[in-house]
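In what follows, a structure is listed as structure tokens, so that the remarks can point back to it.
Read from first to last, the chains carry the letters A, B, C and D; within each, the first residue is number 1.
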């Protein structure tokens, strides 16, 4: 009997901590509350960095921090405890360990772990940034989860081509910064003191950010700078073209689930 | 008889204030005049801000302001009075209220309302910017209304994906500015005084604007800045790819109203 | 007989000044020489602006200028004289006038006219920039004329949508600069002295150029600046998406001249 | 017998220096080692430019340089010696000469040649940048070679259109810098001292880099600057649209190897 009660409580807890099924108000409230708490944590981290606000409300931030860690810790424990209800993680020990190794569970752990490690206490504030990754949960619920998953799927399909683009960007970066170093080092030994520093210029130019803190001034340096800036356009055109084709492909894949406009039969996916 | 005259006058006024039908010269003149007056109001607002022009022609601007408000107010009243000619707003009270709640009518009201509210008189000039929204009327007439509506439809179809992109941009923004704050705060306590200030840097980098007023100078800060600048390319590629696919989709939708090239039968839309 | 000789000389001159037919070496040499002379004129204009070069070689530039104008003038007269060989401009007076009104002939005239007008002699150098427009002739010959015409056709097909984008850009520009003026004018009366000056900031932000000479510093100004910078991404995505769909359309139009892959019959264009 | 041994050794050497076949571990190890050595050379060139590192580890860099050149030279000689195993380069003299003229072999030679030429010894460090081009070998092996070749093929297909875009960019650049020179030269004789200097501004604006070191300040200069910045958007949209259509085309070419969704028969490529 007690075991039956224990089982049904665990099943209910599992339902609540998982993405809410239709009509399950309590689970829905839980999902929304956790997301809200994550967002509040991010907001607290941002506003606490403002000296004026930190001085005025320092203790409130500390209290909120403690409360958040307690809630996130309990939530994590509930997830680990109840995950065995999921057939994939049914084994009481190995199932739970496998569940704890899933990316979402790892992120949940990292979001609270720094608080319990005294030797990193001094860097605690910085590590709270890990909590923003918990926002990945948002991709599982809400109105925009479909669109987010579409974006993710398109980027995933084109992953190899996008990585190739980054690879080309890196090669260009090294060539550009080496050439620029040899062109400008003698004229501006401070601005172009070494190739790694010239790389900073090359990144800001190839991405067309163009801060203007490091600049070529020699004729040959400006000529090469012009060529690199124009190649920077190509560094935009490649990934944009790749993703554009990816979105067209995605669009056509969806269309193909409809019937053939010629013969009325359903088309194979 | 008087009522018949009243009705026919109201019908004519309704024709004039509505988008001109073909061959209705007076209505056409009215449409063009109102658009011209809106554009002149915008121009007046722009030029009045120049100190030299304001001092030389201050009274002319005030006179033009009074005249404009009178014309816009009359136009608004005529629209409200005659809208009952439209079957959708036929009821003399509720029809008019429903009409007054349409976006275009609300904008028309907001364009003159501030002038009549004494307590906002001091901010009057700023609120005149609402008048530029009246330019939305332009989307209903003229050669380019088709194109504008196409743009609007494509953006509308892809709204959810574009909002998801903005959502990803916001997440990146928060992560980038937090990391940058912790990397640069000790070295540049003035430039990166708080996370909200670091966000300003992150926005100008992720959008590749790159003003150069706030800059990372540490090695780790520049490394992260380079990664964020490259991710900024992705922030261009995603919406561009989405809209590109949207325009291809729109193009194909138009083509589908033609006949099937294989069997000659008309294709279903 | 004399008339016959006159006619055959005129026909030959017309062949030479027109785009070279296959195997017509003299006409080909003429085409290439004129393009080379135009490019040399542009190069001369660029290098003459450098003080060091101008002082060293001033008289050479003047001599080259005289020679160029003489050659371009003779070329123009030959074109006008021989154009009646073209059936479209056959009438000796009205045909020639109609020919002189074509864009290419007008540009040819404008490239030499300033030299003969004494009252604009002082601005002569600046007006030489009109000669660069003669480079439009390049689009008629050479390996890349096909590609250039494809680009022109795609941009032409999407002209209305692109103009609509520019229209949206202008509206955004006015709204952004007005808002920014009211937000920053009190804090930075010098940088944001008037709305037209704020427009300069808005242009550099919406196009993501971001010089950094004018910058928002207030909280509200930076918030609006961030939103405008993000909208600037949209201002890239719209025309890119439009042109992307245009190029896909062009690609499909070319493909349609092939046979139907299903039934082997030729597809209608 | 000796000749047979010589032949089989040469065949084995040829197998090792060529891209590894499946299961050929030694050849695989050789490929990876050479790529690793190239990357180490690039890294050494980058880090040697940092004064602190150079002073601390100068002799280590020199030693690494000697070892690298010896290995690269031996590799080059082995490639030349064994290339006759390839039927395309079978002739002992002319085959080897033809092989030595292939781009990859030329790059391999240029990567070591400067070391053996005493009169360029002083520029040796700069010429080492040629070694980074050896990284082109990477495109022949590894997981991403497919994606890199797809990128190369799409860019290759659209080469003429992309060159036309660069041509349009150059025309715009010349026009923009000439106009800007005449507009700003009198007000800022230092910043816009000549048209070539104005071109530097024009490049940074048309590519939307926007360093902000050279800026228009006159009304007419800013108006033209605004137009040029907007045209810069078009300079992004054209190549992006071209490449986008190229990737869609590539995608469709791949799809066409599948069966027809209507009749189930295989479609012709």
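Here, contacts are C-beta pairs under 8 Å (C-beta built on N, C-alpha and C of every residue); 3 or more make two chains touch, one makes a residue touch a chain.
Just so it is clear, the model here is predicted, and its values are computed rather than measured.
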Item checked: Which of C-D and A-C has more C-beta pairs touching across its chains -> C-D
Note to self: I'd like to know which pair from B-D, A-C or A-D copies the A-B interface, where a copy means over half of the contact pairs are the same by residue number.
What the structure shows: A-D
Item checked: Copy pair chain B, chain C: interface residue numbering same or different (half cut) -> different
Margin query: Could you work out how far the Cα centre of chain C sits from that of chain D, in whole Å?
Written below: 31
Note to self: Please tell me the distance, in whole Å, between the geometric centres of chain A and chain C computed from their C-alpha atoms.
What the structure shows: 44
Note to self: Two or more other chains touching the same residue: where does that happen in chain C?
What the structure shows: 199, 204, 208-212, 236, 240-242, 244-245, 248, 262
Notebook entry, point to check: Are the chains arranged, by touching, as a line, ring, star, complete graph, or other?
Noted result: complete
Margin query: For the complex, give me every residue of chain B touching chain D.
Written below: 208-212, 240-241, 244, 248
Notebook entry, point to check: In the complex formed with chain B, which residues of chain C make contact?
Noted result: 160-161, 163-165, 167-168, 171, 174-175, 177-179, 181-182, 193-196, 199, 204-205, 208-212, 215, 222, 225-226, 229-230, 232-234, 236-238, 240-242, 244-245, 248-249, 256, 260, 262-263, 267-268
Margin query: Which stretch or stretches of chain D touch chain A in the complex?
Written below: 42, 45-47, 49-51, 125-126, 129, 132, 135, 143-144, 146-148, 150-151, 154, 166, 169, 199-200, 203-204, 207-213, 235-236, 239-240, 242-248, 250-251, 261-262
